[in-house]
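The structures come next, written out as structure tokens.
Consider the two complexes below, in which subunit A is the common component and subunit B and subunit C are the respective partners.
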Partner chain A sequence: MRPSSDLIRLALPFVALGALLGGVFWLQPRAMSYTGLNLLFNLAVPIALATLAQMFIIAVNDLDLSMGAFVGFAACVTATFLNETPWLGGLILLASVAVYAALGVVIHLRRLPAIVVTLGMSFVWLGLAVMILPAPGGAAPGWLRTLMTVRPPGIPMALAASLLIALAAHLVVARSALGVVIRGVGGNERSVARAGWSVLHARAAAYALAGLFGVLSGMALVGLTTSADANIALRYTLLSIAGVILGGGEFVGGRVSAVGAVAGALTLALAGSFLSFLRLSPDWQIGAQGAILILVLALRLGLDAIEQRRARA
Partner chain B sequence: MRRSILSTTAPGLLLAAVLSVAAAPVLADTSDKRIALSNNYAGNSWRQAMLTSWETVTRPAVEAGIVAAADAFTTGENSATEQAAQIQNLILQGYDAIVLNAASPTALNGAVKEACDAGIIVVSFDGIVTEPCAWRIAVDFREMGRVQVEYLAGRLPEGGNLLEIRGLAGVFVDDEISAGIHEGVEQFPQFTIAGSVHGDWAQDVAQRAVAGILPSLPEIVGVVTQGGDGYGAAQAFAAAGRPMPIIIMGNRQDELQWWKEQKDANGYETMSVSIAPGVSTLAFWVAQQILDGREVPKDLVVPFLTITQDTLEASLETTPVGGVANVEYTLEDAVAVIQGAN
Partner chain C sequence: MTVLRKPWAWAWIATIVVYAITIAATAGASAAGLAQAAFTFAAFGVIVGLGQMFVITLGPGNVDLSIPATMTLAGTLSLKLMNGADAMVLPGLTLALAIGTGVGLLNYGLIKVLRIPPIIATLALSFIVQSAAIWTNRGLRIKPPESLAAFSTGTLLGIPNLAIIAGLLTVVAWVLLERSIWGRRVTAIGQSLPAARRAGVAVDGVRLSAYVLCAMLAGLCGFLLACFSGGAALNMGAEYLLISIAVVVIGGSSVAGGNSNVPGIWGAALFLFLVVSMLNTYGFGAGPRMILTGIIIIAVILAASLRGRGTEGG
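Here is the complex of A and B:
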């Protein structure tokens, strides 16, 4: 039986991840160990969470340009309020998730382009983060630090966490009724509405989920870095979008994959390490990282084209 | 053929080995150690000079077998998360020491701790980190501000109005130098700071800012600066037709060039002070010394580079156009700094 196009789409991020991992192991055999894998992947955990957050937004055909700034804001709250007065910190983080849901409502009701709204919000989040933490600092709550540096037997924390969050997000997006409606909004908003579902609720829920995963990303990041900085996660905006697309998602049509998105995030993180182990000049590294991205996407487009030709034949 | 090479090189090698053991017994112990430089930014003349100095000093050190490797790594974007990932990669690559100019004083602490736990020596300089297991080679920016006012007090005992040019708002270095200048003014109360502008450490920005504030200011006798802004300030004063005050320079080539021209034309006198980008090489030697087993205090202070009326010509000659006056450190300098801190 021929593999379906969906299967290829799902397999590609893992093929890319496997190929890069093979390259890394070949260049640096030291990485092939419990500690090595953890070092390779632990900073990919917050990227994976941010990628999942972006995935929920992309699932409803929107794009969030404030993801990096929002993760930075969550990180600053985690390193200050959540550490000193946990209830207040928790409240602020919950409120920021509510703000995300409200953004979804506003974007839907006023028919505003999400790109513009989130671009504006990115300055709001960054401003709030600078107000909370004018100079780099703060401290990770002890329990969070313990959680992010735990050494479970057999499997490094970074991989265990990636598997867990991929599974959790997969259950929400692919197995729950809410996930089906959210993807339906991305696929065909009108038919979802005709079927009696509230598109407004679905979009608000998608944004709230994005806010939740964004907050988790900020918390995970602080758990790793031990302190925060308002600018700490600015590059997550583009990384998260790239991760979703690399993981088999599409900008339109509600076609997203949670497991793929996590694999995409790990691939992006690994690409940096791979290029560093290659001793490639830093001037070329950004370009090379882009080249890897384009290569994987070109591979996908090629496979899609073959699949379509087969379907026609 | 083969014999002759052997016969000429073998005694040479032997001699070198004997010499290195006899002259500096510390050298032998780090010959298999590998040191990496982790740098977060390379986008200005100071950082470029820093990387060049690293190359100039470490290459002979590697060739002489003092250390096995001294590789420089720069992140593509100036971001803490990327540098943290870079440090974790360096751990995996098995470096024995990491010399670090950090994107953030705190956000790299997790990665630095990972490195320390893996038995790696971490020496931070310029952009230092707060993680206690790392060494810090800090610049006394406050003192750098204070000495400017002290110099002016020596030149102008009766005091007067000063114009302060600050750096990039919100950056730690700007706050520190400015605090030092204000300390200096408290110490020498004959001076008052009549105005303060942000020059962002760039000549064009400084020139615009100074030109903007000049009409509202009384007579200015001195301009206290942070480096990279003295030439712009001089241009603004000249354009406004105001008497040229004593402008403290910041070791940039264009500043030294202007100073030299003025000195030749009318005997203009001032001083110039900044941090030498070669501080990266001091950090290299400190890391080498720690690897060698020397007891080194966790906090070291790097001396800043002062250019006076007498050393102007010599400094200008060695400073490339568009560059910064620089000094590269030797093993002996590092030992002196370490002993000074003990």
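Here is the complex of A and C:
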């Protein structure tokens, strides 16, 4: 049996991740250890969570340009309110998830361009974060710090957590009724409505899930860095979009893959380390992420073309 | 009230309101100075906004995310080439425009060859361009040539030179979009690409030229901004991603493409600057200022969508 193009699409992010990891091990065999892997994937968990958050928005054919600012806001709340008065911090984070759901409702009802609304929201989140923490600071709640630095036997925390997160998100997106409707909205909004589901509910749910994963990303980030700053995660906006696409997602049509998105996020997180092992200037770190993105997309196109030729033959 | 029906009217009304509120705080003392500052800073937004407008007009999914990186690279390299020498102004400008042309060609090359959405193509390329800018920006901050620094901060008959340049570009863009065959083709592609193709429009050529034009304007804007602010900085383009998209949409152009207007870009660019200075005047700190800016942007979009329903019936 020949692999279908869907399987290729799903496998490609893992091939890219494996190739990059192989490259790192070849350059620095000592990275092939528990501690080495822990260091390599140090910041992978928050990036993976932010990528999943973006994935839920992309699943309904929208795009969130405020993701980085929102993760920064969540990080600032975690490092201050959640640390000092946990109930208040929890309430604020919960409210911010509700704001995301409300955004989904407004965007749907008024047919607003999501790109512009989220661009506007990026100002709001950043402004709130600056008001909470005018200067870098705060502290991670003890339990969060413990959770993020736990050392499970056999497999580094970052990888174990990524696997769990990918699995959980996969169950929501691919196996739950809600996930099917959300992807259906991305695929064909009208047919979902005709079939009797509420497109409004689906979009609100997708946005709420994005808010939830964004909050988790900010919390995970603080657990790792132990302090926060309003600008801490601004890079995540573009990284999360790149991660979703790298993981086999498409902008339109509700084609997204949770497992692929996490693999894409890990690949981007690793790109930076790979460069330093090559002893290339860190100036080129973001450039390498761009190059990997282009390379994987080119590879996908090539494999698709081969697949099509086979199908015709 | 036919003027109110124009898609760009609301951006201008909002601008005038915000301007009035701001000068009310100082009892009119700052009226001229504020207008001059607004036109100077709006000029940068207009220049990148015009480019972004051509790209957005091409239809859903067409956005150029590489504008900030292009601005930074063009500003950095052209200042390096000029190295403060007045005689090198023309080569510097040429280099900035050449960088823009290169980025635009690469952008569309990626879109076409890899068959990927423009957002991803321009995003991926912007990572590389930004890295190139970081790599070349190392070391000393190079000052722009005297003549250029004086020109970019100077005025002619009370009008900032930059605003005059942006104004001329606006006229050219208006003629291109509204009165030239090329502009009609851009709009046609935005309304329906398959239909435009069947009607015999050379779709690839038109799209390519729109992306190149957009990146060239970004290069020019980076060049002018670097001269205006006395040197190139790595984050100099950062805020122009939002501004370039916001001025197009707030200005009344359709974000889904196929229906754009030029006058709204000026209204929106002035509005974005004036909102910030209004909040400054009333003593808001950085945090509340950003929050209010964001809320006002969303409110304007919302208001525009309500109006759209009334006049277009859908």
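Quick note on the criterion: the second predicted complex is superposed on the first by the 305 of 313 C-alpha atoms of A that agree within 3 Å, B and C clash if a C-alpha of one lies under 4 Å from a C-alpha of the other, contacts with A are read in each partner's own complex, and residues count from 1 in each chain.
Please note the rule applied: a residue touches a chain if its C-beta (ideal position, glycine included) is under 8 Å from a C-beta of that chain, and two chains touch if they have at least 3 such contacts.
Bear in mind the structure is a predicted one, so any value in this text is a computation, not a measurement.
By the touch criterion defined above, A:L221 lies against subunit B but remains apart from subunit C after alignment on the C-alpha atoms of chain A.
In the superposed pair of complexes, A:R110 makes contact with subunit C only, with no contact to subunit B.
Residue contacts after overlaying the shared chain place A:A233 against subunit B, while subunit C stays out of touching range.
Contacts of A:Q28 after superposition: subunit B is touched, whereas subunit C is not reached. In the superposed model, A:P152 lies in contact with neither subunit B nor subunit C. In the superposition on chain A, A:P86 contacts neither subunit B nor subunit C.
With both structures placed on the common chain, the touch criterion links A:I286 to subunit B and to subunit C.
Of the two partner chains placed by the overlay, neither subunit B nor subunit C lies in contact with A:G18.
Taken together, the two complexes place residues 134, 283, 285-286, 289 of subunit A in contact with subunit B and also with subunit C. Per the touch definition, subunit A reaches subunit B in the complex via residues 28, 30-31, 35-36, 39-40, 42-43, 46, 134-138, 221, 224-229, 231-236, 269, 272-273, 276-277, 279, 282-283, 285-286, 289.
Residues 63, 106, 110-113, 115-117, 119-124, 126-131, 134, 238, 241-242, 245, 251-252, 281, 283-291, 293-294, 297-298, 301 of subunit A touch subunit C in their complex. Of all the residues in subunit B, the ones that touch subunit A in their complex are 42, 71, 73-77, 79-82, 84-86, 88-89, 91-94, 104-111, 113-114, 118, 130-131, 170, 172.
Contact residues on subunit C toward subunit A in their complex (touch as defined above): 61, 63, 65, 110, 114-117, 119-120, 123-128, 130-132, 134-135, 138, 242, 245-246, 249, 255-256, 285-295, 297-298, 301-302, 305-306.
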